[in-house]
Structures are given as structure tokens and as C-alpha cells.
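So, here come the structures, one by one.
Same chain, two partners: chain A is paired with chain B first, then with chain C.
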Partner chain A sequence: MSTKGQHAQGWGFVAPALLWTFAFFIVPFIVMGAMSLATLDGRTLIWGLSFQNYAELAEKRFLWRAILVSLEITLTVTVVSVVLAYPLAWIIAFNVPKRWQRLALLLAILPFWTSYVVRSYAWLLVLARDGVVNQTLINLGLIAEPLTLANTRFATVTGFVHFFVMLLTLTIYANLVQLSPNYRRAAQDLGASAFQTFRHVILPLTLPGIVTGAFLTFVLCIGDYVTPQILGGNTELTVPQVIMVQLGRRADFPLAAALAIVLMGIVTVAYLASARWLRLDRL
Partner chain B sequence: MDMTKLTTTLLATTVLTGAAGAAMAQEELNALVWCDHMDPELIAPFEAEHNVTVNLREYEGTGAALALLDQSRPGDWDVLVIDGIDVFRAVDAGILAPLDAAQLPIADFFPEVVMEDVNTVDGVTYAVTEKFGYNTISYNAANVDPADMQSLVTVWSEKYDGRISIYDYYLPVMGLAAISQGIATADIGSDNLDAIGDVMGTMRSRAASVAGVVAAQTALATGEVDIVVGGGEWLTAVLAEEQPDLTWTIPTEGAVRWSQSIGVVEGTEQPDLALEFVKYIVSPEGQARLATSSCFWGMPANAKAGDILTDDQKAVLRWDDQPDYLALTQLYPAPDDALDADMQDLWLDTLSQ
Partner chain C sequence: MMRVLPWVYLAAAFVFIYLPVATLVLFSFQDGQLPVPPFNGPSLRWYADVLGDSRLTAALINSVLVAFGASLTAVTLGFLAAYGLARHVMPGSALIRALLIAPLTVSYLIVGLGLLIVLTQMGFGLSLMTAGIGHVVINLPLAFAIIYAAMGAQQQNAERAARDLGANERQVIWLVTVPMLAPAIGAAFFLSMTFSWDEFIISFLLTRFDVTLPVEIWSMLRSGLSPRLNAIGSLVFLVSIAVVLTLELLFFRKRRS
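What follows is the complex of A and B.
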């Protein structure tokens, strides 16, 4: 086949993906961007180039507060998930016999098999005043009165971490099993302690897996509506919750679009900050 | 006519009749509704009687419904169920078609819920009330003093700090806050939003959560909270059988009355069938089924439904107390766009505290 023919064939293969991306990402994004510059006069949508919706972000306390809350929750979830997922992935990769690793991974991702909403409501029951956690603590004599766990940020973070630890475990595990055992042996031969080997050899080499999982956690967490809505009890509002309120009754699509653009901006910043280590091809 | 012609004619007639029958069997009615209409017990009798399939789509929030209708082609939708106070929005947007009120049993409705001012624009009826109820106080009688529930101020007093959930919809909750201050829901305006905001702040500071329908029911049923501000029969009726301590009351200051209306969508290609559906829903049989829908219970607009509901069902709905309740309650706040935006901002600001 000639070079020209190969070129055409190549375009033929990527064309469906390009068209898909154009139709379902680029076009909606342009529409959303245009919508964020529109305004709502009563119930009439007025297209234009107004930055009024973005100005409202500075003017209305609850809007920037929602951005702050979303960032705080997302960063907490990401850090906690990484801290919990890394040892789990390590144990599966290095301490579980090869023949059991597949089963261990299967067990690790078991929570993915249930509905996200059902899982959130299940956590609500677990964390309730008379739920398993409080009853256990009371029976152990550790507390006299039930703790307020449900409808708090703690509940939101717990629900998120339960989900994202599984995701991070997979990405970190995929990175760990690709490491040649020779790295560890070489470090130990050179006199490195177990901690030094981990700190200076293993951790840097597994950073791409960590950052890839952390980035996915960040993206999915900051845009999630269900978990904070069910488990957070609206005790504080995240950006997706504020977006839903804008749409629910008043159908204020321009302000909702502006908030969505802000979310995308935050995700873009997160991407740029982590791009150096991102290895999405390893998923 | 010879036998061949007769046979041919009979065959053709049979085929055509069969085809027409098949076409009728495939007739569909598309309705945009609240979840209480999703109950098969409600819809199946209509489908069987009219040999039609009713396609139901549930929505939450008038804004979402109006956006959906705005994006649809004329004729996509036939029937719309909408918050009573938002009928005028749908009429303004050209979404509802005039309704022949003479064909509907409005004379049998509880007079207080006919609400011509809500369902009629410029003398033309566009919708009729189909169900109503109250956003008031639901509580667990085993854990709170029922006497305290008779005053809104004591409901969100320090005594019940952390034992309250607030229903997650700003209009009824702000209505209750206004009523507690002696402000009629119809008088809510920019001049008294600060006073309402103060009450909301107090309410919010006492609350363990601000919850939607399912979350509020879960919170009350599991003992996470003992009181739901903005609750009512629609929240506790489905739980009453298993947990009789979960009940509701209307405080002496009053409460907010919600209502939902039903109408025919402008541009429907089957206005007669759509009207038949509306007639069925507001008939005593349809009303009894709608009132006791598996999604949520509520009072039927048509008082004749009382002839069909059982005594137990009427007891749960507090049928005999309705005259008092209707006298004591006020309709949802119905703000114009500017006030609505301010109220929503105040609500979000309160939640963010």
C-alpha cells in the first residue's frame, strides 16, 4: 500500500473516534461555553457575550463557598484514598501469592458491582445514630452517646473513599507488578534499608500509577452530585449541588453552565499540575 | 353480489378492521408527571379501558420540565402534571392548551383547592388541581413531645437541636418560616426576606440535615432525626403502617399547602385522548388511586374520592380533619421571577452557613 493509502487508512480508523469526540465533547463544550455567556431575563434566555454569571461567582458567597467546599472534599478524598490504596495494592502485588492475586483484585473491586446510589444509602444506614458503627462503639464502651456521623462531611468523604480506594488500588497495583524485582535487590545490595528502598526507588517508580489514579479520583469526585447529596445531608454545598439547584426550578442554564465551566477549569489546572506523571495509557 | 365478491369484501373488511384494531392498540399517550403517577395501579385501568399505552416520564422541578418541553417537538407530549403555583409559567411559555372545564367534575372538588386563580389565566382554564397536601411538621411521637409540635417556634427551638431535618425545597420551607413570623405566604417579598432569612438561619443551625423525600423518610424512619420541617402526610403516610409513631401535625400558626395540577400540552396530536386521561385522573376512581399512590400519598382534589377510599386510608389522610386543615393552611409562596431568584439565593446562602 502506498504512503498515501496508508495515510487515508489511518484517518479512516481514527475518524469515528474524532467524530465522536467532536459531536459529544467539542460541540457540547462550545454550547456550554456560549450558554455561560448568556443571561436569563425572567424566563427568557438571552444569548450574548455577558460575563454576568462569572461576576456572580465573586458576588455571591454561597457560590465561591461551594467551590471551596468542593476543593476541600476532593483533595481530602484524593489524599486519603491514595494513603489507603497504596498499602492495599502493595499487599496484593507482593504479599498475596500469584494464584490468589486475581481473586484479591476481584474482591477489591466488588463494591463496583452494586449501584452507586444504593451504596450511598447503605453508608447512610451504617453511619446512622443507631447504625453499625455507633452501636459497635457503644457496645465496646468507647462512647456513651451515638456520634453524629451521617449527614456530615465525614460521611461524604467516607462514601467517596470507599469507592475511590478501589480505583486507586487498581492503578497502583498495575504499576507495582510492572516493577522488576531487580530494583529492590539492587537497592538492598547497595545497602539501602527497606524504607530507603521504598522512598528512593519504589515510590518514584510507582508515581505514575499514583498520579493517574489520583487524577481520575479528583475528576470524578469534584463533579459528583450523588454522594454529597445523600451522605452530606446538604450540611454544606458542593458545586454540582448548586448547579442542580439552578436547574431544578428556575432552569437557570446560564449560571449552571458558568459553574460547570469553572469546574472544568479546576480539572484543567489539576491536569496541568499532574501531567508530568500522568500515564493514562497504563489503565 | 356473488359469493366471490362477498368473500372478498368480508376479507377486506376483516383485514382493515384488524389493521385498525392493531393501530388503535399501538396508540400511545405521553405524559410528563410526578412520581405518584408512575404507579401501575393508577395507570393500568386507563390503559385497559382505552386500549392505549401511557408512556410516563417522571421529573423533578418545574425548570427541568419546562426545559424538556422546550426541547421537544409539538406533539411529543400530551399531558403535563405541574406544581399548581407554576401553571402560569407553563401558560406563559405556551406549553399548556386550554382545557374544557365543563367536561371535568370541578363542582365535586374541595372548594379551597379549585384555585381558579392558579389554574386559570385571563378567564381560560389551562389546568385543574388533582392532588394536594401540606408541607408542615412530621415527627416521631415516641421521641418528641407532641405538644411542642403545635408551635413552629418550639419545633426549631434549642430543645430539638440536632434532631431536625429540613425538607430540601426552598418554597415551602421559607413559607413555613414566614408563617412563623406572622407573614402570609402571599405577602412574602423583598422587604421581609431578611426576617425570613433570620428564621431560616435558626432553623438551619438546629438541623442535622436538609434532605429530599427519600433521605428525609430514611432519616425519620431510622431515628437519625425526630422531626422533618416541611414534611406532612406525603412523607409519613407510606411509613405509618410499620411505624405508627411517625405522624404529622399542623401547628397553630398554620402551614403551607401544596397542590399539583394536570393539563393538556399545547400541540398534542390527540387532544381527545389527553382530555380523557385528565378526566380519568380527576374522576373519583382515579383520584382514590392517585391519593394512595405507592410513591406518595396526598389528598385527592375531588371530594367524591372519599366514597371509594377505605376508612383506613381516609384515617391516614386525616379525611375528617380537612376542613380545619384547609382553613389553617396557606398556599405555597408563588414568587415572580425576580423574587424567586432572591429566595433561591437566600436558601443557598442559608445552606452554606
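What follows is the complex of A and C.
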């Protein structure tokens, strides 16, 4: 068979998937980019090359507030999740006996197979004014009046941290078990304390796992609409929430598109900042 | 002290991980109007209520249809692309791979928003079909990656042998490649099913009158806390667990042994 015939045959197999990705992903993406440069005159859409939507992001308080809120929540969630997940991954990797480790991980993942809309709702139940947490605290005599936990940023962060602790535990665990125990032994033979071994040997070696997990957390968290919408209440909105408001009530597609492009810009910056340590191919 | 500390932390972590789902399931058996303490029951009235709700059962059937159709399409397209790229020398194959994987790097909200803009500009009506198209976009990269990774020299030798014995391309694919790759194809299909089954934002943006289960649950959420939602949530949880355990037992266990 000639090379040319080979190529043609290969294209025949690849074409359907490529066409699908092109028609339903690449084209929409380009149209969305063009839409972000269009403007709205009343209800009529005017295509063009206007940067008005981007200018509005800087001018209108509720828009740049949303970007700020999204960044604050996402950074908080990422840091808290890493800090909580690292010890958990460590304990599963080094304290739990080898043959129970797989079971421990499986049990940790299990609750996340609920629908994620339902998962946020379940946190609403837990954090409600007369919910489990408040009732328990009152019965223990720790508080007299129920705390306002639901419909706050605290609730949003808790809902996110719940999911991402699981995700990060998996990526960090995968990193920890790959480490040869010889590194630890060598460090200890050379007189390092347990803390020094961790600080100068283990931590640098597990950094790629941490950064990869943190990057995933950042990307998934900043783009999520469901968790802040169900748990956060309406006192402050994140970027995805503002996008949905533009689509629904105001049908302002150009502004929604511009916000989506900004969201992608933020993710790109996060990628560039962590690219040195990222090991996405190892997932 | 230092010996028990890890176990205390492990226990606390599991309490945190299981707190919402345990609360959800417990209060789905609540005999009363509110799913909060004190617990009265157990009662199955909310399950009876949910199973008798025709809107919910319709949404459930829609979800299964969309998940099945989108997964079948994604796996078929993904398999063909993987076969083409693994078996034929093609110019720009690295670029093609990158292009096929690209949708994974973009948030679902943005994938849905882009499709919504194009569809409304073209005057295309929203339906379960349009949601399905969106689900194929997000599941195709995954299906492709899983099947492509499983294609090795071992199948290639069997394919060559079949060709030498006179099989044509279609026979080679159906009688040799597909059966040999069945575990990867099955895993890709079931994973795609679970993602599609759980997917909310794309379905929310791209459906109108007929909706999928997560969208129906979403619209019920507006009326606040209710044991009905607990019962639905518990049922969805049960179905997902069943699918995951099937996946684990059928596909991943075999590969390890």
C-alpha cells in the first residue's frame, strides 16, 4: 500500500471525531470570542470589534467584585484543601497497612459518586440553621443560638473543600507511594531529624503531585456554578454566577462571553504559573 | 499521643467526608416535612412519593437516554480516531491528538456557553439532542484517551495476522481489534455514562422542556429543604454506586490480575 493511500485511510478514521470537535467545540469557541467583542443595543446584537464589554469589567463594581470574589474563594479553597489533604494522604500511605490502603481510598471516593447538585444540597442540610452541625453544637452546650452557616462564603468553601480534599488526597497519595523508602533512610542515616527529612527531602519530591492537584482544584473551582449558587447565598456572586445571570435575566450574551474569556485568561495564567511543576500526563 | 494522632486525623477526615451523604440518606427516611433533626422514622413515604412522580421518572428516563446516546457516540468516535492514529502514519498526528484532548482543559460552563451561543444564533431549538451533543464534546476526549492508551503492539500483530489470512479492514476491526480492546472500550463507555449521568451545567444550558434528572433536581431545590430531595439524592447515589462497582468488578479487576 502506498503511503498516500495509508494517509487517506487514516484520515477516514480520524475525521468523524475531528469534525465533531471542530463543529461543536472549536467553532463555538471562536464564535464566543467574537461574541465578546459584540455589543447589545437594547435587544439587538451588533457584531463588531468593540472592547466595551471588557471595559465594563473594570468599570462596573459588581463585575470586578465577582472576579475578586472568585479569586479569593478559589485561592482559599486550594490552600485549605492542600493543607488538609497532605496529612490524610500521608497517613493512608505510611500508617495504614498496605493491604487496606486501596480500601481506604475507595471509601474516600465513594460519597463523591452522588450527583454533584445533590452533594451541595446535602451540605445545605448539614449547615442549615436547625441542621446537624448547629443541633450538635447546641446539645454539647458550646453555643446557645444557632450559627448562620448556610448561605455564606464559609458554606461555599466547605462544599468545595469537601470535594477537593478527596481529589488532592488521591494525587498526593500517588506521589508519596512512588517515593522509594531509601530517600527517607538515607536522610535519616545522614542525621536529619524527622522534620528535616520532610522539609528537605519528601516535600520537594512530592511537589509535582501537590502542584498538579492544586492546579486541578483551581481550574475546577473557579469554573463551578453549582456550589456557590446553592451554598453561597446571594450576598456575593462569583464569575460563573454572574455569567448565568447575564444569560438568564438580561440575555446579555456579549458580556457573558467576555466574562467566560476572562475566566479562561485566569486559568491560563494559573497554568503558566504552575507549568514548571505540572505533571498532567501522569494523572 | 503521637501514635494515636494519625488515627484520630483519619477518623475525623472520614467523618467530614461522610457527613453530608450520611445526613442525606438518614433524613430521606424522615417521617415529617423537614429533613433536619430530630429524626422521626424510619418512613418510606418520601421514596413512594418520588417513585410516583411522573416528572421525575420522565427526567430519569431522559438522563439515561442522553447518557447512553452520548456515550455510544463518544466511544465510537473515540475508538475510530484512536484506531486511525495508532495504526496509520499521519502527518500532524501530535496536533490532532492535542485537538481531540482540548475540550478537557476548558470548564463545562464555557463548553456549554459556546454551544448555546452558536445554537441560538443559528435559530436551532434546544432539546435533549443538543444536551447530548454537548455531552459528546466533553466525553470524546476521555474515550479517545482511554482507548488510545490501550492500543499496543500486541493487537497490531493479531491484526496483521488477520490481514494476511485475508480479512478486510472492517473484519479486522470487528473481529480482532474491538474484542481485544473490549475492557478499554467498556471502561470508556461506563465512565462516559457516569459523567453524562451526573452532568448538570451543560444540560441546564442546552435543554428546554424535556430535562435531565440533575436539572429537574435543580428546579426542585428552589422550594427549599425537603425529604423528597433526600430520597431522590439517595436513589441517585445508589444507582451511581451500582454502576461504579460494576465497572470496578468487570473491568479494572481483570486488568490487574
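Here is the rule we use: the second predicted complex is superposed on the first by the 257 of 283 C-alpha atoms of A that agree within 3 Å, B and C clash if a C-alpha of one lies under 4 Å from a C-alpha of the other, contacts with A are read in each partner's own complex, and residues count from 1 in each chain.
Criterion: contacts are C-beta pairs under 8 Å (C-beta built on N, C-alpha and C of every residue); 3 or more make two chains touch, one makes a residue touch a chain.
Only a predicted model underlies this, so the values are computations on that prediction, with no experimental measurement involved.
Looking at the shared chain after the overlay, A:L167 reaches neither chain B nor chain C. Touch criterion met: A:N151 reaches chain B, while chain C stays clear of it. In the superposition on chain A, contact is made by A:R65 with chain B only, not with chain C.
After overlaying the two complexes on the shared chain, residue contacts for A:A270 are found with neither chain B nor chain C.
In the superposed model, A:D130 makes contact with both chain B and chain C. Comparing chain B with chain C, the partner in contact with more residues of chain A is C.
In the superposed model, A:A257 lies in contact with chain C only, and not with chain B. Of the two partner chains, chain B and chain C are each touched by A:I230. Contact with both chain B and chain C is seen for A:Y121 once the two complexes are overlaid on the shared chain.
In the superposition on chain A, A:L220 makes contact with chain C only, not with chain B. Comparing which residues of chain A touch chain B with which touch chain C, the overlap comprises 121, 124-125, 128, 130-131, 230, 247, 253.
In the complex of the two chains, the chain A residues touching chain B come out as 42-43, 60-62, 65-66, 121, 124-125, 128-131, 148, 150-151, 229-230, 233-237, 242, 245, 247-253.
Chain C meets chain A in the complex at residues 6-7, 9-10, 13-14, 16-21, 23-24, 27, 34-37, 76-78, 80-81, 83-85, 87-91, 96, 99-100, 102-103, 105-111, 113-118, 120-121, 133-134, 136-137, 140, 144, 169, 194, 197-198, 200-201, 205, 213-214, 217-218, 221, 225, 229-230, 232-233, 236-237, 240-241, 244. Across the interface of their complex, chain A is touched by residues 60-64, 66-67, 89, 92-93, 162, 165, 168, 171, 208-212, 214-215, 218-219, 222-224, 337-338, 340-341, 344-345, 347-349, 351-352 of chain B. Listed in rising order, the residues of chain A touching chain C in the complex are 3, 6-7, 9-14, 16-18, 20-22, 24-29, 31-32, 35, 84, 87-88, 91-92, 95-96, 104, 107-108, 110-111, 113-119, 121-126, 128, 130-132, 135, 162, 165-166, 219-220, 222-226, 230, 240, 243, 247, 253, 256-257, 260, 263-264, 267.
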